[in-house]
């Protein structure tokens, strides 16, 4: 559509870019503020006296002698061993993404190709499942998980997150498969392939854009989840988000709050890399029709 | 596809959903029909560091006997659904008979926790959902016209509100909007009102929560629309231009229809998520001014000495029903699409 | 294990000394669930020092402990052999018979305990308390002096008068703060204030709420007069926020938890002016009653019913090690300890004088939690001026009644 851009009047361009600029500031500023503040002490970043302290670092000067301090990062990563939580998070996230996508592609493909009424009802049912507030679900798991000694382990949290995320994954992938022409796999079946072989050899090679996009949403869900991980994991197996919450504790001990802020900045860093890396795929995956109703 | 093949393909997905979602839903629904056994109480002497006192306690052995007989508790039918903390039928009836006018009746109804929460939940859902779609669409249009070089970073920054952990995101925002925080203080200066506080007045709290909701969800709509814009068929666009269609007409008659399926998808997800809003209420400590259905559930289960499972179950079932009603238009549309595809 | 990372210097010193003692446990699994604040961190890390030689110690310190404790202890075997409880949570666990009597173990291993540390219910020891806490008055003597107020206010009427003087003198617009965040905190303030009237929350011998009376109305009126001198954001003020406001020098009179005392009086996060002017004193009285308007809390150790006897005993011994005099000495200012080795300090003056003034403990009633929840949700309407005190209290009772019926306390 580049030719359209050329025809646009300069005034309109300025208005549009002005809008984008306002949005960029709104979206990016809080994060920039956090990044800046993570190198200050709590008395500055969370100043009740004057917010400009966070800019000039008045108390940071008094308490550490410099305008910036790495105490938050040191405290979180070294003293509080945030890396264990980071490791747990990577295990959880990778497993959730892989399992969700495996189950989701199979199920989504079946739903897209079935054509029977019950497939529609199943999809609807999945939607109703998605409507259930997570917190009720999680509280319901507690007693049986404790009884069967499943509570506190990473695999339990992983499978729960996979299940909770299945409706969304199914919906997205199902709509994606609808956009892959039926003739592709059906002609393979005419040539003597079974349904699974057709799926394996014909569909799998062309489905990646949709899978990557769906995977990214699964990734974000598993990465940011608090309800499931905070309630179902023991302290030794904590992932990053509940660990960050634990820095805040019941009583916000002076200094620990900054551990949380530093940890948040650290936890967002891999997302930067990931988004920059997968940006093209997200867009192309959606383009390929992953989310068409 | 043969039923058998379909079955094997869907099985793994179905098992996880049945085990971890369907089964809990059934058990929650069953639980919401029961209340706890009548507690057998005895008066005992409690002593501690601060002296002794006669107080009532539950007689554990006697109560355990009752539990043994019926582990689910006493059957209460829809009693929990209709009691004062949920649908409050008798209170609503009383308010209807005793009120002097519609306004009076409304204020009496909104004094009941369920209806107060419902009012905010619905307002939030119907304000935030369209705004998210509109903003997402406008940002997508804007980003799409940017020069290629700055598109990448712009997309990344645009996604930030969605990807930063809400737990801490809201903690920091909460501090920023404090009367002493950067945003709160700036607003005070703009409106020249030193007593302006976003946290104090119910109206401002509602606005703040909704602004946060739009800010948090707009990236989702943006990325979906942006991807959709890449697929607007170039030949249709050119044909429209040759026919002399203005920019507005092209957007209205070519781009919008093309993005319609995406809009359906976004509204489906957003209606659902917004109807279940509660995280911003908790992180912004806004419960004095705004509560939602999911917040009621949260309040029943989290941070209290005694958890109310039956009550939380009832509210959860009501939430599911509410979401289903909201989604009916979307579902009808999907049903039509589905039938067309079958044929 | 998580707790080897604890940052307390005191706890580290302790690890060395007690590891040699070995705690005298022959074997067993110790697992502790508890809230998460400095004093408890000191206790659990000292208990964790008993690990080794067939003894494992696992701890889970989380502010969400209330949400999982019932389920975790209902399972058999229980996920945790011990929970660090308080007045209110012990009752919840006892309602379902999830914690065991400790008489035998106290006789065997509790020689160092004083009688007042034993929480007995119907003659049986159900928990061992190790620290006390209460909300009481924090005052800035320098600000009071500048406003011409004599001494530290002893009653809430004095607090109001002093606040008016401070405001009139132009020193502060909002000199007063209470932990008035809607929900649990605000309800706790109501309970404190109501306790100051000496009235009961329930009709004697029943679970029927009885707060809708002249005492309840007076309590609400008093709260409303106090928040008139609070920052307009008062409904979002939890104890973290009030502490931050205090340390920023924005407050002159505040009711805060005693456990915040040492953090307020240390040199971190605040100016010397604020720290040197801060004095902790008993919770004020009000009305015609001489009883401080506050509730006394204790934190203590309870052992689960569904743990094996071996684990239970190992846990008890480990936790006794956690609350021993050595730990108390090493962490003297972290809490108001009940152990004999505790040295009173300015940070504990408020709690001690509140207790000495005859404040009552938080009621250990099975249905108190339901009333607390109802209070937290329903009295904001009154404070915000959208309904009368009578109506707010009627709402509280109605919400409570519905909840108590669900829990089987009322028919």
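Observations on the model:
Each chain gets a letter, A, B and C, in the order it is written, and its residues are counted from 1.
What we mean here is this: contacts are C-beta pairs under 8 Å (C-beta built on N, C-alpha and C of every residue); 3 or more make two chains touch, one makes a residue touch a chain.
Treat the numbers as computed from the prediction; the structure is a model and nothing was measured.
Among the chains in view, B has its Cα centre nearest the centre of the complete protein Cα set. Using mean Cα coordinates as chain centres, the one most removed from subunit A is C.
Centroids of subunit A and subunit B (each the mean of its C-alpha atoms) stand 18 Å apart. Each chain gets one centre point, the mean of its Cα atoms, and the points for subunit B and subunit C are 33 Å apart.
As a whole-number value, the distance joining the C-alpha centres of subunit A and subunit C reads 37 Å.
Shared interface positions of subunit A, i.e. residues touching 2 or more other chains, are given as 46-49, 139, 245, 248. Of all residues in subunit C, those touching 2 or more other chains are 64, 67, 248, listed in ascending order.
With touch defined as above, residues shared between interfaces to two or more other chains in subunit B number as follows: 178, 180, 301-302, 307. Interface residues of subunit B, counted against subunit C in their complex, comprise 35-39, 41-51, 53, 55-58, 60-61, 64, 73-74, 80, 83-85, 91, 111, 113, 178-180, 195, 197, 199-200, 202, 284-289, 299, 301-308, 310-311. By the touch rule above, subunit C contacts subunit B in their complex via residues 64, 66-67, 70, 87-89, 91-92, 94-97, 116-123, 129, 132, 181-184, 205, 207, 231-233, 235-236, 238, 248, 296, 298, 338, 355, 359-361, 363-366, 368-370, 372-373, 377, 380-381, 384, 387, 391, 395, 398-399, 401-403, 405-409, 411.
Subunit C contributes residues 1-2, 5, 7, 35-38, 58-64, 67-68, 71-72, 74-76, 78-79, 239-240, 243-245, 247-250, 259-260, 263, 266, 268-270 to its touches with subunit A in the complex. Within the complex, the subunit A residues that touch subunit C are 42-43, 46-49, 59, 63, 79-81, 139, 142-143, 146-147, 149, 151-152, 230-231, 234-236, 245-246, 248-255.
Listing the residues of subunit A that touch subunit B in their complex gives 1, 4-5, 8, 13, 16-17, 19-20, 23-24, 26-28, 30-31, 33-34, 37, 45-51, 54, 102-104, 106-107, 109-111, 113-116, 119-120, 122-124, 126-133, 135-137, 139-141, 159-160, 162-164, 166-168, 170, 175, 178, 195-196, 199, 213, 220, 223-224, 226, 241, 244-245, 248, 260-261, 264, 267-268, 271-272, 275-276, 279, 282-287, 289, 291-293.
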